[in-house]
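Before I ask anything, here is the structure I am working with.
Chains here go by letter, A, B and C, matching the order in which they are written, and residues are numbered from 1 within each.
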Amino acid sequence: MTGGLAATIDVTVGAFRLDVALDVPPGETVAVVGPNGAGKTTLLRALAGLLPIGAGRIALAEAVLDDPTTGQFVTVEERPIGVVFQDYLLFPHLGALDNVAFGLRSRGATTAAANEQARRWLTRVGLGDLTKAKPRQLSGGQAQRVALARALATEPTLLLLDEPLAALDATTRVDTRRDLRRHLRAHDGVRLVITHDALDAAALADRIVVIEAGRVVQQGTLAEITARPRSRYVADLVGVNLLAGRAVDGRVDVGGLELAIAETVGGDVLLAIPPRAITLSRHRPDSTARNVWAGVVDGVDRSEQRARVRVRARVTVVAEVTEASARELDLADGAEVWVAVKATEIGVSPA
Amino acid sequence: MRRRARPPIVAVCIGGVAATFFLLPLVGLARRAPWSSLLSDLTDPAARTALRLSLICSLWATVVAVGAGLPLAWVLARVEFPGRRLVRALVLVPLVLPPVVGGVALLLAFGRRGLLGQYLDRWFGITLPFTTAGAVVAEAFVAMPFLVVTAEAAFRGTDRRYEDAARTLGAKRWTVFRRVTLPSTWPALAAGAVLAWARALGEFGATITFAGNTPGRTTTIPLQVYLLLESGRLDGAIALSLVLLGVSVAVLALLRERWVGAL
Amino acid sequence: MSHERPMRRRLRGFLARLTPAAPVVLVALAALVAPAAPAALVALVALGAAGCGSDGTNTSAAANDRSTTAPGPGTLSGDLQVFAAASLTDAFTELGKAFEAEHPKVTVTFDFAASSALAQQIDEGAPADVFAPADEASMKRVTERGNASDPRIIARNRLAILVEKGNPKGITGLADLAEPGVVLALCAPAVPCGRLADAALEKAGVRVEPASLEENVKAVVAKVTLGEADAGIVYATDVKAAGGKAEGVGIGIAGDPSLEAVYPIAVTKQARNAAAARAWIEFVRSGEGQKTLAKFGFLSP
């Protein structure tokens, strides 16, 4: 764990209190997931030094950044960090190159050296020909890449990303997510991604930390969390069926089961199927859904109004139906059911 | 729907009256202007001296207002301190104080026997009254509020997250201000500076009271206009006033449109 | 607001034919449409109209001119507007009270300012009944345009040097004003005290470099009493008025009438209360009036 981030943070903003501990070794990407108002942005601001903590300690690569007991506090501008903000916050009056060169110049590089370095980074994120473009002339995906290049250009020890994909539309998101994943892997510092999207978390992070109301409620790998969700929010979040497969021409082979998808991607992919998007029936459905297969009920988890039904076949998925229809279909362990999913309901992410 | 598209007639009428209220005096001046002797009135040595001096003084006053007013505006907008409201009100004092009273107040503060002025005189041999520097001080006193008020509003209105972003990139305060805050507030700051300049250009009361009236040193256009009126030379007074009007209207129309229009 | 719509149509018609004269009508109409319209706007326009009216119509003044005999005490009434030089402020204010005591139905209102400014205002039609400047040039300017006639001299005023309390620079006469290190404030040549000061300095053969040419004599007094100027050339009456805040030094040129300010007085042509105006002039010239003027440092004519 040497050289990583070791943070215990206790900070109060108005009526809200954030009290979390976080350890991230270098080379690992951690996704901080939580509902709105859980304290994700407060955490990011504390780590960045925009918000001094009330108690606890933040250390990065053995250097103490913030420790109220000793009074040690490294200011924002002195911290070896890079931040990709939610709305990117590219300086509107500067071109892409100047935006990326900003950090280098602020840290003392000559204009020529900074520009040279910035040009390399822009090329690396695939925008080598847009050096002069102002932020308002960039598409959402391009702006995100410039923001990433800007944050990476100073080669920070700690890379913080606040909802890096939230502002993008679905199509752009797939490509940008793949590129982001590649750049994150290439960065050898500590990586922290804040998101509220399970697919983003699964695709980008090695480990997930779930915070709710200022506390860490659960952390671990996706598999660990999926196996035992500890809150309603986590259950909803990871209740998404995540399937790994290989895509060819709009069809994905998932463990011998072939599924149709709406995206045109190829190679290894990760599919996300929300439980509510799955329809169950006793007889082969006369449905427009393009993905239909038969399976056996392998566990029903009933709550007041809804029932989560595990259906085993070549792949196992969880479907969520109303309690009424669960009774009507007489769903019990061992029952044979048909599963149907529309191709458009399946989220796709390159793996 | 048609009702809604119609311009509000009462507002348009009263607005028209207000606009006419501003316009009519100008028309009056233009009508009475000595067009035939305008050139000789303006090339008169006293008039030329006053014109040059006015330009110099108003520009220096703008420099002082910007140099001292911008930091003040920034502090008022960004730093929480006890008595901030009071300071904010203080900045507005020159706007409501009759300029002549402002001039007397300046004498009592910076004059030869003034609170600070006596030490300026005793220690450095600096006396402001009856000097061009004094005229600049008087003009800056009445003009600076325009800059401070505009700039403070601009600094308040900026999205501070951009400054945060700059700091995470390693920018020190001054770099943040120079490369992020300033560019995003530039149009408003420029507008404030232009307003301050225009106010300085037309300053009369505080200047004549604090800096006195010496041709070539403190006799700016407004003072010269007043003296011409006193000696019954209405034509010369109107000619100079027209120049003052022409210059400021042209500059305000051009620059304000261009800078503030970008907002 | 049932009649709002036709009113609006009429207003729009007016707007279409907008001429510089239209605003008066517009304000009146706007006030009708919106009863809450600021009264100030209406007042503003009314003010403008009043100003225009007084310009052309002089019927009342003409009527007054016909009565030649001055009415006795107690028969006078109305407002009396006196435009007087700033240097007469204290003396005239006191005389005004005495005059009002003698003529209880008369209210005297003063406008004290620089003589040249007052002359300008009277020529532009300001509602003055009496004009009392501090120099004959200003009076001449008004009488030449026929806006006043038959001026009389009511007082004279001598120049004096005003110095700081205790006279720290040891100034004893005009010659000392040319000393380097003496900060001198004079009146601007545009005002009577400035012209007189220039004449006196020339006569004494003294060349000075004034630090400031103030726009009126009271501003010179202020600069000296505030300590900004070491000396200034003012009137004897100003030295008296300054009391203990400054002291006077004679200019050392005695009894030269060309170096004295002369105070003429006259009834204006457009006087609306000519009878009271004449009574005021008689009062100022009377023994009591002259005694009051002398008290404030004026010389008799």
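In the analysis below, a contact is a pair of C-beta atoms (placed from the backbone, for glycine too) under 8 Å apart; a residue touches a chain by one contact, two chains touch by 3 or more.
Owing to the predicted nature of the structure, the values given are computational and were not obtained by experimental measurement.
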{"item": "Chain contact topology (line, ring, star, complete or other)", "value": "line"}
{"item": "B-C compared against A-B, more contacting pairs", "value": "B-C"}
{"item": "Mean-CA-position distance for chain C and chain A (Å)", "value": "83"}
{"item": "Centroid spacing, where centroids are CA-atom means, of chain B and chain C in whole angstrom", "value": "31"}
{"item": "Between chain A and chain B, centroid-to-centroid distance (C-alpha), Å", "value": "54"}
{"item": "Residues of chain A whose C-beta touches two or more other chains", "value": "none"}
{"item": "Residues of chain A defined as touching chain B within the complex", "value": "48-50, 75-79, 81-83, 85, 87, 89, 91-93, 102-103, 106-107, 150-151, 154"}
{"item": "Chain B residues within the chain C interface of the complex", "value": "9-10, 12-14, 16-17, 20-21, 23-24, 27, 104, 107-108, 111-113, 129-130, 208-209, 211-215, 218, 223, 226-232, 234"}
{"item": "Complex contacts: residues of chain C adjacent to chain B", "value": "8, 11-12, 15, 18, 20, 22-23, 26-27, 29-30, 33-34, 37, 41, 44, 114, 116-117, 119-120, 141, 183, 185, 188-191, 210-215, 219, 222-223, 226-229"}
{"item": "Residue ranges of chain B in contact with chain A within the complex", "value": "161-162, 164-172, 175, 179-180, 183-184"}
